[in-house]
Amino acid sequence: MPGNSFGTLFRITTWGESHGRAVGVVLDGCPAGLELKEDDIQKELDRRRPGQSRASTQREEKDRVEILSGIFEGKTTGTPISMLIWNRDADSSSYDLLRNRPRPGHADYAYQMKFGWRDHRGGGRSSARETVGRVAAGAVARKLLQERGIEVAAYVTELGGIRARIEPGDLARLRAAAEANPIRCPDQEAAVKMIEQLDAVRQEGDSLGGMVTIIARGVPPGLGDPVFDKLDADLAKGLMSLGAVKAVEIGAGLSCAGLRGSEMNDPFRMEGDKIVCDSNNAGGILGGISTGMDIICRIAVKPTPSIGKKQHTVDLETGRETEIEIKGRHDPAIPPRIVPVAEAMVAIVLADHLLRQKTARL
Amino acid sequence: MPGNSFGTLFRITTWGESHGRAVGVVLDGCPAGLELKEDDIQKELDRRRPGQSRASTQREEKDRVEILSGIFEGKTTGTPISMLIWNRDADSSSYDLLRNRPRPGHADYAYQMKFGWRDHRGGGRSSARETVGRVAAGAVARKLLQERGIEVAAYVTELGGIRARIEPGDLARLRAAAEANPIRCPDQEAAVKMIEQLDAVRQEGDSLGGMVTIIARGVPPGLGDPVFDKLDADLAKGLMSLGAVKAVEIGAGLSCAGLRGSEMNDPFRMEGDKIVCDSNNAGGILGGISTGMDIICRIAVKPTPSIGKKQHTVDLETGRETEIEIKGRHDPAIPPRIVPVAEAMVAIVLADHLLRQKTARL
Amino acid sequence: MPGNSFGTLFRITTWGESHGRAVGVVLDGCPAGLELKEDDIQKELDRRRPGQSRASTQREEKDRVEILSGIFEGKTTGTPISMLIWNRDADSSSYDLLRNRPRPGHADYAYQMKFGWRDHRGGGRSSARETVGRVAAGAVARKLLQERGIEVAAYVTELGGIRARIEPGDLARLRAAAEANPIRCPDQEAAVKMIEQLDAVRQEGDSLGGMVTIIARGVPPGLGDPVFDKLDADLAKGLMSLGAVKAVEIGAGLSCAGLRGSEMNDPFRMEGDKIVCDSNNAGGILGGISTGMDIICRIAVKPTPSIGKKQHTVDLETGRETEIEIKGRHDPAIPPRIVPVAEAMVAIVLADHLLRQKTARL
Amino acid sequence: MPGNSFGTLFRITTWGESHGRAVGVVLDGCPAGLELKEDDIQKELDRRRPGQSRASTQREEKDRVEILSGIFEGKTTGTPISMLIWNRDADSSSYDLLRNRPRPGHADYAYQMKFGWRDHRGGGRSSARETVGRVAAGAVARKLLQERGIEVAAYVTELGGIRARIEPGDLARLRAAAEANPIRCPDQEAAVKMIEQLDAVRQEGDSLGGMVTIIARGVPPGLGDPVFDKLDADLAKGLMSLGAVKAVEIGAGLSCAGLRGSEMNDPFRMEGDKIVCDSNNAGGILGGISTGMDIICRIAVKPTPSIGKKQHTVDLETGRETEIEIKGRHDPAIPPRIVPVAEAMVAIVLADHLLRQKTARL
């Protein structure tokens, strides 16, 4: 299969370039009978939309979703849901100089080597604008999860080396706290420092990396299809498929390397008639299958590669070394904007495995 | 699709339980005309085989591969290659007590909740014995990569908190250095300390976690299928699908969170008529596509969940809390034995994308 | 995978309902570098478009394709090609009565039982309007085939019991002869009789079935992936997935049942340095793989189920038997309009297998 | 995906060559909890086995299935079921002459052109022996269908031009009547004539074609995934993927071409509280979805291509025309032996769609 589809039963196919006519997604496999209106989608797209805060690019896009199929009288029909968002405010002029000069840290050179040529305008298909389709489909997945009492929330836990302190607790409250500042960090004090540092690097023409945590609560035990389509394997793929992500952790993640078995293992105990664990180093997944505990993922997000500083590169036409200065409008840090996208990916993976689980037993 | 297959064009399906009659793999999509003999496979299986060192379980398996199809007169025919390894030394008696008592850190409880019941003997399908099929198929992938001048090597870089110092250099030498000690760590001094610590925790009935690095060299630019089947996304899935892995890093990995764009970006320059980068924070992948630089992955491997210490669990039949002590034979640390398995997964992903790339251009 | 995608490497996903806002297709996997403009697509859509002749419905659709992605400066970029056609002339009022009364021979009842409810307007997703997306993608496939010297042509060979006499010969001429009359039958005399009979049954409020032949010439030997994705198996699936098709034949087809082996087998001989067969009972496919001879498919197309006559049905709400008379605008015979759709399906299957064949050998 | 797998959720992968060490199948996606023993499989394999009657080859194979995984204490565990059958009686000597001389009507030449070379012994992968894996997996599918009250039966309706007269009726009785003679034709009088004719052509060194009907009863309405994975489309693919099949019909099949809409449409009426049709021209499928009526398929089976008569061919090495006489042991007619294989394919398609239907509604 070509690479622009994701999911097995709840399956999305995204399309579109940054400066093409539109971007969109076709979602196939959503069960019939789910209540769905454009507002459910728009709400999430508005969270992803640029032009909202200091932390994001100044590009202005209304990003109004149009649902073109699959919904009738306010409910899904079981047929493909096609969603489209027009590109209205694309300004390609600042990209002309980059046609032959691949930007360091960007996909330009790699696309050129893969396809022999490329739509260079605004990064073309490799632009983060592609994630519009993921967020739109993720909004449908979220509706499906809500029917089953599953919540998904994401927030920034680290930016430019500043780490937030976050008390685990009610997910809705955590999400609200994150949405209360432009960094999307629930620790308001840390957020203030992050904003200060962000302003500083922006003025230097530089950018910051950070960490984002995604939590899913209420996931029933049993989701995930060993031995390859394990729940953590699919989450890792979904999250690593986001352009700026360089690491994915589940549960204890990297820190498990320094633990002993007696520290890492989460002992089982009863809570009423439910089996639970006190600790959650597993991140809610054992053997690739959900256990009913919180699913916990963390992603490392690299600093925005588009920086104002002069950078060294080569000219693809002449084969000579040269320099570039990237103009255009860019986020000085990706973590705040990746939050709704990461939520969408986790929601899509969970929705897919919810459906898959329906055939696990006779 | 059900979850026991991996890859798009170079596609493997593994089967078998730890204490069933056999384990195996069917590899479909291997091009015709590749020279292949049982020895190519056996060599890699011998590296994976238990019973070789202090670092691994004492279970004795000859693990002789039998190639049942797809090879004729020493070469692949383009038809499915079916490979089988009999289970000869399985001792299920020590598992009887565990039928109703899920082991902490193991897949037992999760399988029970997914399928309603399970083959509990030796962990059944969730046992690391399943990776025999991956290593067998990975050996074929490695042959395919060699035809294109691509090498893959993995080694342990951290165990029980002890970090190795490793000079990057010739891959074959690095691999030889790793194979020179039972830890598979190319830093011989660190290896000695790791062995000491391993002996200590074994006596306490405990286990250690660690880190493994996998490098692929000679990968041509252009591999990877955005936007979902990105090379790093598929590597992340392949590696996270290994039972003990809790984190996957590409290139700078987690550390990118603390970097600035001007530090993270790898500038392009010319080396003869080839475009290269001096640094490799990207780990050889930009926008999900290989750039020709080394592919660098790191995985965090949790400590062996099977420990001798008494652990808290519940009885699935009575619903009461209880305790277990795990007897049987177990590796006190997984990283040394996961090395050939991780190599196999990376080789399979690369072989798959080598084939996929053949249709990217007219 | 859900059911709205087709193809393995050259993969289409269609979406849209008859009376929804639009219909469309996303084509993923088309190689980069193929010259493509909207006219290439429009030309084929115009052949499919209703409102052109006596043989087709009077519904007026401009059916202007809009290419939204995947094309840059007149060539494919290797990224998904999204194509959209707005529904402008949909009149749902005549369908109101049919909400609870499934039409005999239509998908209404089956959709209701599958999804629990349905978009009943104009047949919703089950309408032949869905094939717009197939024809659009098929036009791209045709361009790809032309690069390799492969032609595909289809035409009507039987309608209402009248059989055409067709001399095999130059495909372009055959295609032109078919396009010269509204029946798309290259035998002009037979076409005249078919038109007469069509006019007669239309006045009776009835409809006619027929046969369509599809030929592909210039197909290189080697296409097709045994043992399940045989070329004939994929052609059978692609053609049987057209709503009105009830039988698919390859080569000698049904008549092979009455032949002896000595009659059926096509002996090989040399033609210059090429291996050919004099007869072609195999229809260009042996063991599921193309031989280089003409690929020959025939499909049986049922009479249009929408007829003016009163028909017996049941009311889904009341559970009582009742009657319906179908108003609206309908083709009195499907074969003429299925011709470009059948060509599209065959072209898509061949394009897919052309790409697949690139990885068959080392 | 490579071509040796079939099905979406109930998915089989077959492997093995006619004269290789073994043939087999891996079935992934069978729900946990299904009672299954080797006898369930063996029973069907015995029906397929050669050496039973005048109608089949004299090759002696015990064809004992070995279930290697996925079953524990007599029930499926939800993990892959690997089944293997050793090749014991393969005699390759009579094939030596055929290495460079493709047999007319066989896959030899096509495989050579696809893969560049081939395992020529006994037809290698293209041999009908490959269907052993299909029948084994089909036996599991049949068990799954029985749980839901679905029966599948197939029988010969035509051989060498002799047509049987068959009264539709109880499926079990029909199946028993078919199994009562070596032709597997429920019309005993016709069977006698068919046997006579078969004996006659065998003596001439020739072979006969025929027709087989497959009926599935008790299929619930709602199975099938439009618009591409329609139930009839998947049945057509599954059946056309059998080497000797040149045509697939559903319901009225080819004869629909001569019908009018008023004749073809099956009117709905009530039978108790169930919606039924009196006629069944649709063959139980409308719009690609089952309606609850009998599913009816017919396949045209070509005469055995291996005939004793001298045939014209070319020498692949010298490029010169030459002749061959096929020795070895061969069925003089395929229809009797294809009966259990065709049943298996239909059962597999239905089992797959039974599972798929579980996610169609919220």
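Some notes on this structure:
Think of it as A, B, C and D in the order they're written, each chain with its own count starting at 1.
The rule is simple: contacts are C-beta pairs under 8 Å (C-beta built on N, C-alpha and C of every residue); 3 or more make two chains touch, one makes a residue touch a chain.
Every value quoted in this text rests on a predicted model; they were computed, and no experiment measured them.
Of the two chain pairs examined here, B-C and B-D, it is B-D that is joined by more C-beta pairs in contact. Farthest from subunit D, judged by the mean position of CA atoms in each chain, is A. For the pair subunit B and subunit C, the distance between mean C-alpha positions equals 46 Å. Here the spacing of subunit B and subunit D, counted between their Cα centres, is 39 Å. In subunit A, the residues that touch at least two other chains are 1-5, 8-9, 14, 29, 32-33, 78-79, 114-116, 125, 226, 360-361.
Taken as a graph of touching chains, this assembly is complete, with every chain in contact with every other.
On the side of subunit A, the complex with subunit D involves touching residues 1, 9, 29, 31-34, 76, 78-79, 144, 147, 226, 355, 358-362. Subunit D makes touch with subunit C in their complex at residues 1-6, 8, 14, 102, 104-111, 113-116, 125-126, 130, 158, 160-161, 201, 206-211, 221-230, 232-241, 243, 246-270, 273, 275, 277, 281-283, 285-292, 300-307, 309, 311-314, 319-321, 357, 360-361. Across the complex, subunit B meets subunit D through its residues 1-5, 8-9, 11, 13-17, 20-24, 26, 28-29, 32-33, 66, 68-70, 72, 75, 77-82, 84, 114-119, 124-125.
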